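Take this structure, written in structure tokens, and hold onto it; I'll ask about it next.
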Amino acid sequence: MFPAKESRFLPMPFHSLLLFIVWLLLNNTLAFGHILLALFFAWAIPKLVSMLKHGHPTIKKPWLALRYALLVMKDILVANIEVALIVLGPLNKIHPSFIAIPLDIKSDLGVTLFASTISLTPGTVSTEISEDRKWLYVHALHMDDPEQMIKEAKERYEVPLKEILGC
Amino acid sequence: MLNDLIWIPLLPLLGTLVPLFASRFSRSACAFLTAALPALALVLVLQLAPQVFDGETIRQSFLWIPEMGLNLAFRLDGLALLFCLLILGIGLLVILYARYYLSEKDSIGKFYAYLILFMFAMVGIVTSDNMIQLWMFWELTSISSFLLISFWGHKSEARKGARMALTVTGAGGLALLAGVLLIGNIVGSFSLNDVLASGDLIRNHASYPVVLVLVLLGAFTKSAQFPFHFWLPHAMAAPTPVSAYLHSATMVKAGIFLMARMYPVLSGTELWFLIVSMTGLATLLLGAYVALFKHDLKGLLAYSTVSHLGLITLLLGMGTELAAVAALFHIINHATFKASLFMAAGIIDHESGSRDMRQLNGLWKYMPYTATLAMVAAAAMAGVPLLNGFLSKEMFFAETLHQDSLGSLSWMVPVFATIGAVFSVAYSLRFIHDVFFNGEPINLPKTPHEPPRYMRVPVEILVGLCLIVGIAPTFFIGDLLYSASAATLQGVVPEYSLAIWHGFNFPLLMSFIALAGGAIVYINRKELFQFQSQFPENDPKLVFEGIIQLIHRQISRLMELTENGSLQRYSYMMLSLAMVMMAGPLLDLNATEGHRPQIPIDAISITGAILLTVGALATVIWNRDRMVALVALSVVGLIVSLIFAKFSAPDLALTQLAVEVVTVILLMLALFFLPQRTPKESTPLRVVRDLVIAAIIGGVIGTICYALMTRPLESISAFFLENSKIGGGGTNVVNVILVDFRGFDTLGEITVLGIAALGIFKLIARMRLYMPASDDAGRPWSKDSHPLMLSVVSQSLLPLALLVSAYIFLRGHNMPGGGFIAGLVTSVAIIQQYIAHGVAWIKSRMKLDYQLMIGSGITIAALTGLGSWAFGRPFLTSWFDHFHLPLVGEFELASAMLFDLGVYLTVVGATMLILANLGKLTTSERPVLKEQN
Amino acid sequence: MEFWLESLVAIVLVIGGVFLLIGSIGLVRLPDIYTRLHGPTKATTLGIAGLLLASSVVSSFAEGSISIHEWLITLFLLITAPVSANMIAKTALHHGLPAIERTKGQELMEQANRQAPPTGMTTSLESDAKDKQP
Amino acid sequence: MLKWAIIIVAALICVALFMNLWRLIQGPSIQDRILALDTMYINSIALIILYGINVGTGLYFEAALLIAMLGFVSTSALCKYLLRGDLIE
Amino acid sequence: MEGIYAFCVGLLTACGIFLALRGRTFPVVVGLTLLSYGVNLFLFASGRLKLNSAAVLGQSEQYSDPLPQALVLTAIVIGFAMTAFVVILAMRARADLGNDHVDGRLPEVPETPFQRRSGSQ
Amino acid sequence: MQHLAILPVLLPLFTGALLLLPPFKDALNRQRTFALLSIAAQLFIAAMLLMTAMQNGTQMYVLGGWQPPFGIVLVADRISTLLVLLCTLLCAGALLYACAGTDKAGQYFHPLFMFQVTGINGAFLTGDIFNLFVFFEVLLIASYALLVHGGGKQKTQAAVHYVILNLIGSSLFLFGLGILYGTLGTLNIADMAVKVRSLDEAEAIVAKAGGLLLLLVFGLKAALLPLHFWLPRTYASASAPVAALFAIMTKVGIYSIFRIHTLIFGAEAHFLADIALPWLWPMAMGTLAIGTLGVFASPTLRLMTANLVIISAGTLLITAALQTERATAAALYYMIHSTLITGALFLIADLISRQRGKAEDRFVKSRAIAQPRLLGFAFIIAALAIIGLPPLSGFVGKVLVMRAAESTAEIIWIWPLILVSSLMVLVALSRAGTTLFWRVTNAPSSEEKAHPFEVAGIALLLVVSPLLVIFGGAVTEYTAEAAHQLHDLTQSVDALLPGGN
């Protein structure tokens, strides 16, 4: 699925980067000793777990990824306020709905990221993915127009995700 | 060197080994070799006899186990000499006799070994100079006689007879032990010399009656006194040489010997007289009467033995010195004639194939020589003049006349004695007449004939002894009897005469009454037999077995009631006991609350307490609905770790969290294979019962906990706080305690974990599990075995989790964390992979040998501890130092980290060995098996 | 700590707390399992984020250096919360838990459970999707 | 100011925990209970962070991190069990 | 606070014991787990309760008693090992004996009036 | 040499761990060789340690160099070294036996065996009460795993009971420990003995609850009367060498009672003096009685042997209740004897069972035993010894125990109980022996012969019995001195603390 060539030295470069950062995060420091340690773990752990690797994401457009992340964060905020209002408001006015979103994105990671985003953002929770990975079943807390919603979700999240992951 | 007394028992002891080796030679050679050492012992005894006759008591002792009062001590006085001669002498004759008696099928080596062992035990008894040693040999006779009686163990009666003999004599032996120990306690020594000198001390001691009863129980059971006589006739299941030996000179005489031995210590009181003489009299009469009705030749002789033992006992019980002399005399006489009679009976049995006097008739024609011998011996038994039996019986009659302990009823003793003698004559007559005359044999398996020449020799010797002692008593046994009497009485030996003729006197009259009466009784036996046949015949063996089996059944029933195999009951008992043990002391506690200032209550704590309470109660209430119980349990686990966090125990909080999750996962794994629901089966009563005990224990524990917490504590912990950094090199004191101060505990702890994993692996091996194809509601399982989102996300989390565990591991020494928690985090991360991807997927990609991890984990931890040996320090002495590297700055290295690495490896290895293997079970097919519930 | 910062932190903190509470209110108030899923998965995540932000600021001040390791927890929750919600929803569908009556598209629940493509759906989008499948 | 905020938030979290507990007991479905437990985990994280702010210590950071991690594992395990029965197949 | 704490310890103990006395392996195991929570809290409390005083040097002015904490840690680990073993043993018992009764058998429930009443509920 | 005291713990631990690693992993023959070599070394070390303790006095091993009462110490005095030697000897016999094939019946036999030895030796040697708990758990978990070795329904069923009861027991142990730490503030046994004297009354009451809980826990291990129910079935269902090894596990409980309730709660414990006695008396005598009944009612030799273990526990507990030096001395002698003999009897029962075909070791008629002489001889030796008949060690032990009670008021209970018990055991064992060996059908005996290793294992255990009598003087002298050491507080408590307190 990911034909990109694999380095034996750094089998999971993205993870290595993540680990490097997380180590420094964990230790709240930029001391040289810890940077060395972080480098070590960033190298060693992926090496250790690479055998369990199922495919490695390649981020084609890092800046887009960053933008996407910020977008999602903003949406999370909004989503929360919306949900808060619904939760606190009169419940007999909400119209929950199940909908099926057709998926264009191909990779497992892509599907997962898309589903996760859906769950995190306004009033929707991913409930199920069809076996053929072509449909995402979503439960919406309040839904007036399913088609509008599907369209929006695909445009807002799936398209950039596809771009980022290049699939 | 052979002059040492110890050789007398030692030679027979060595002799027991001889037949085991000699049995490969011919039977005669075997008999010869076997006889050699006992014969040597006999020579030794004879060689020492003159000294004894001179009134000397030869003693020899060695220290052995002074703590228990046991010394190896031997004495040879007159009494011991007398018995030694009987035991060794008759023993040698029995060896010779048995050579011919035993068939080719019987293992003669084994027989001789048992026999000599028995001889050794008997010699040991009579030569012991230490009470405990005496008892030791006493029990040894029980054991060796058991082996002899059960020699033909494939026969049911041999087994039963042997068991009965062992039980009765064993019981007596135990009583004797108690008596001996009491005597030792009173006297302050177990040396026979000291004991014999302490007669007055013992007789005046408050526990004299107890001592007397206990010792006599030993003697009576051994000597088959009423009411313990019943074992003896059933010991006849043994080969006849054994009977000849056991019932003439040895086994049964041990009891008599004991009474004679303890005579100076225990006799002379009213109680002694009452118990001993009455028992003897009863035994005398009972034995004589029953003997008459026995159709079995050996049965007759057995009951006759019982009767004669009663006679001797009666004599000893009378308490007069002359009676004691008479008793000793009769011991000799009985030994000779009874041994010869048993041997004769054996010859008859051997050559005719039967011992039933209803079949045996007119053997005179077939074996006149044997018949003559038997008749002479029987006459001695009957007390016919010119034979030895007559002499001692005369003395006995005389003594019955000279006692007055029964007051105005004293006349009864001679009367009963005469009645006993009448029956004695009658059964002797029956023995002679029924076997050798009285028509023709009926349906004998073999045509009887004379035995081999040398089989008769022992009988000839013994019968000869009966004759010569009967004719010239003083010449032959005067010295022996005198010195034996002196030893028995431990004082002045009274004047007595062994003359054959004492003139016409009462005893003589009694003898004649007995002879005449016996003849009359025998002639009129038909009426008597008819009379006797009205009584139901109880086979004591069956009665005895019946009683034992009854006891066995009752006890088994009782045990089934108590040990009913119900864990619930066992747990309940233990917890009840715990409750009582804990609650009891608390009743004395006046104020539960101490004076230590308490922490004020806050809302969060109350919230936590309520969550915990509801969670725990929910777990209990929904315990039958297992998933719900698990969720509720998780709440409890979570709150418990929050409690740890709140009260300043971050390490505990972390550990608790990790353990809780792994536990829940384990429980779910198990749940899959267990029934989903618990049937409601506890009765309300039981629920109430359990609730009550649970509530009380909970209350007690809570109370104790409160009492503890509200009191100040002075503990050793200040030391750890002070030394953690300077001595252990870490600031997280808890972790330093774990890996350093109390690293030994932790080593044990990871061992426990490793062992648990191995044990679980064993449990899983070959386990056949019923895998449900649907859940409790009957829904088939989902087809989606590895949900996409879960797999993808779990996979990305793995490196993160590993990093976190590395972080926790590395900082453990100084901050909350450490090898154990890190190990659990790693394990949980790997488990998550298993959950997300399944075993097969992981297995194909990851090759980790968990067993190796456990082994190396424990080894690393232990080796770290061992490292300090190189510096001459004790195990687990820690080492740490601070280093400085350019750019990196200062950092610390400590042996504790290596130790913690061992912990980490063991934890990961153990957890994964458990979970991964459990998972493997279920990769196979899912057979739908019927629930066996 | 300066007053304005402290006030800011306090406000963030309270907002976080409020969102946490709202999530739990949703858990209690919402009518069926599918709707209840929304509360915890979103609100609480934000709530925690609020608290962590506050914590980060406070400890940065206390330690004199920037403390951002709290963000790791948020990151973690952001990654895992959707999966948790997804798993719970899956089991709810699997167990056939009913949605409240006025829920639209209930016919999808059964198909979702079978992980089959939706068949009863007659929207243009669906035909779009079908077109995309050669 | 911060003190007050902490007290308020603590109160909010407590109320939230009670609500989780209510749902956990009430059910009605096992999924509801699992969801309640999951929420409880998250609220606990909040509680621990709050405690850390209050006391001014970072000692409990790992506890919060672990709860986040283990809560997820626990929830997914419970759900996996409901789905498949077999956790590690 | 000590009172509430003690109450919780007592409650966990009581709940654990009640479940440990049940007749099926699963409740018993759950009971033992609850009991071990109670035990751990109890052992922990033997060093007395202290707030804000984790035994990490330099992190606070006063320190709680670290020794019971170390002991509880050991106890937790050992308890975990034991629980794991007993869980698998319960499975094994189910596999070998065909049911999950702790005695490996189905108890004969006596037909008492009590029983009938409870059965009809 | 300075590390001698810890070797009885470390050597089996290392052996067990190394057996899990290459080259021993998955190579049974190598495992056997290594395990046997190790046990031989352990025997040597145990003997050395005993000699050292005898000649140079109590050896204290301060782990990690942390002086008591702060760190953990091992105390190798006369008693503990004696028990370590006893344990090692028993293990040597059992291991020899196991190497003939029992170890093939499942995985990890040898490592688990070694870990069990580690636990037992550790429990004997440790001078720290929490460390005692840890070693208890080591020996318990190893015993759980060994119990199921070989598999089978009975084992599983017995294990369920055994494990659950012991888990509850471990919880109670921890409660007790918590109470004691919460009142005394220390874990070193000697230090506890000192601190207990200065408790005020209220604290003493709380501590008493803890002390009694410990008694209960030790009683559970020792199979004290209402807590003994688990034992017969557990021991009877375990595979032979495991059951033999288990013979010493009850002794760990008894030893702990001796240690804890003589040292900490002994006569000098002020408010807590002799708290165990009121409980110990009736329970000990009850244990002896119930064990006797159990022996009498046993339908198989294994079950009978298991009940003999209970009898031996009851007898030992009586001596514990006597609380005198003399009684302790007697107990030590009796302990050596009864442990080895019951252990041997389990092994003999296994051989008998294997040679009798389907009848196994049940007391019913069956085909003849293939090696009647060998097994008969072994059985008789073991039976005589365990009944307490001369000339084997049992009678010495019995006499010593009885004499220890001779000047007490309880003599009127103890003596009859011991004597009647002996008699019933005599009856039961004579019935057992005659049935097993002589009540035979005509069916041809099986071909199953005892392996030389099995014979050697049994012989090793049995030969001690006559030796105990022959060298009884030296042995009793040693036990008397050991008992003196235990009861002499200046030696067993104060000497172990710095400054001598």
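We just call them A, B, C, D, E and F in the order they show up, numbering each chain from 1.
Note that contacts are C-beta pairs under 8 Å (C-beta built on N, C-alpha and C of every residue); 3 or more make two chains touch, one makes a residue touch a chain.
Since this is a predicted model, take the numbers as computed values, not measurements.
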Required minimum of steps from chain C to chain F, each step between chains that touch: 2
Touching both chain B and chain F (chains): E
Farthest-lying chain, centroid of Cα atoms versus that of chain A: B
More contacts between chains, B-D or E-F: B-D
Centre-most chain, if every chain is reduced to its averaged C-alpha atoms: F
Chain centre separation in whole Å, for chain C relative to chain B (CA means): 72
Distance from chain E to chain C - Cα centre to Cα centre, in angstrom: 34
Centre-to-centre distance between chain B and chain A (centres being mean Cα positions), rounded to whole Å: 75
Chain A and chain C: spacing of chain centres that average the CA atoms, whole Å: 13
Multi-partner residues of chain A (each touching 2 or more other chains): 22, 26-27, 115-116, 126, 129, 131
Shared-contact residues (touching 2 or more other chains) in chain C: 25, 37, 39, 45, 63, 67, 69, 72, 76, 79-80, 82-83, 86-87, 90, 92, 94-95, 113, 115
Touching two or more other chains - residues of chain E: 16, 20, 25, 38, 40, 42, 45-48, 52, 54, 56, 59-60, 67, 71, 74, 78-79, 81-82, 85, 89-90, 92, 102-103
Pairwise chain contacts under the document criterion: A-B, A-C, B-C, B-D, B-E, B-F, C-D, D-E, E-F
Footprint of chain D on chain E - complex, ascending: 52, 54, 56, 59-60
Touching residues (chain side chain D, partner chain C) in the complex: 1-2, 4-6, 8-9, 12-13, 15-17, 19-20, 22-23, 29-32, 34-36, 38-39, 42-43, 45-46, 49-50, 52-53, 56, 58, 61, 64-65, 68-69, 72, 75-76, 79-80, 82-83
Chain B residues within the chain F interface of the complex: 63-70, 132, 135-137, 139-140, 142-143, 146, 150, 153-154, 156, 159, 162-163, 166-167, 170-171, 174-175, 177-178, 181-182, 184-185, 548, 551-552, 555-556, 558-559, 562-563, 565, 567, 569-571, 573-578, 581-586, 588-591, 594, 700-701, 704, 707-709, 711, 713-717, 719-720, 723, 727, 740-745, 747-749, 751-752, 754-756, 758-759, 761-763, 765-766, 851-852, 854-856, 858-859, 862, 866, 868-869, 872-878
Chain A - residues contacting chain B, complex: 12, 15, 18-19, 22-23, 26-27, 31-33, 36-37, 41, 45-46, 48-49, 51-54, 108-109, 111-112, 115-116, 126, 129, 131, 133
Chain B residues touching chain D - in the complex, by the definition given at the top: 603-604, 607, 610-611, 614-615, 618, 627-628, 630-632, 634-635, 638, 641-642, 645-646, 650, 653-654, 657-658, 660-661, 664-665, 668-669, 671-672, 771-772, 775, 781-782, 784-785, 787, 790, 794, 797, 801, 804, 808, 815-817, 821, 825, 828-829, 831-832, 834-836, 838-839, 915-916, 918-919, 922-923
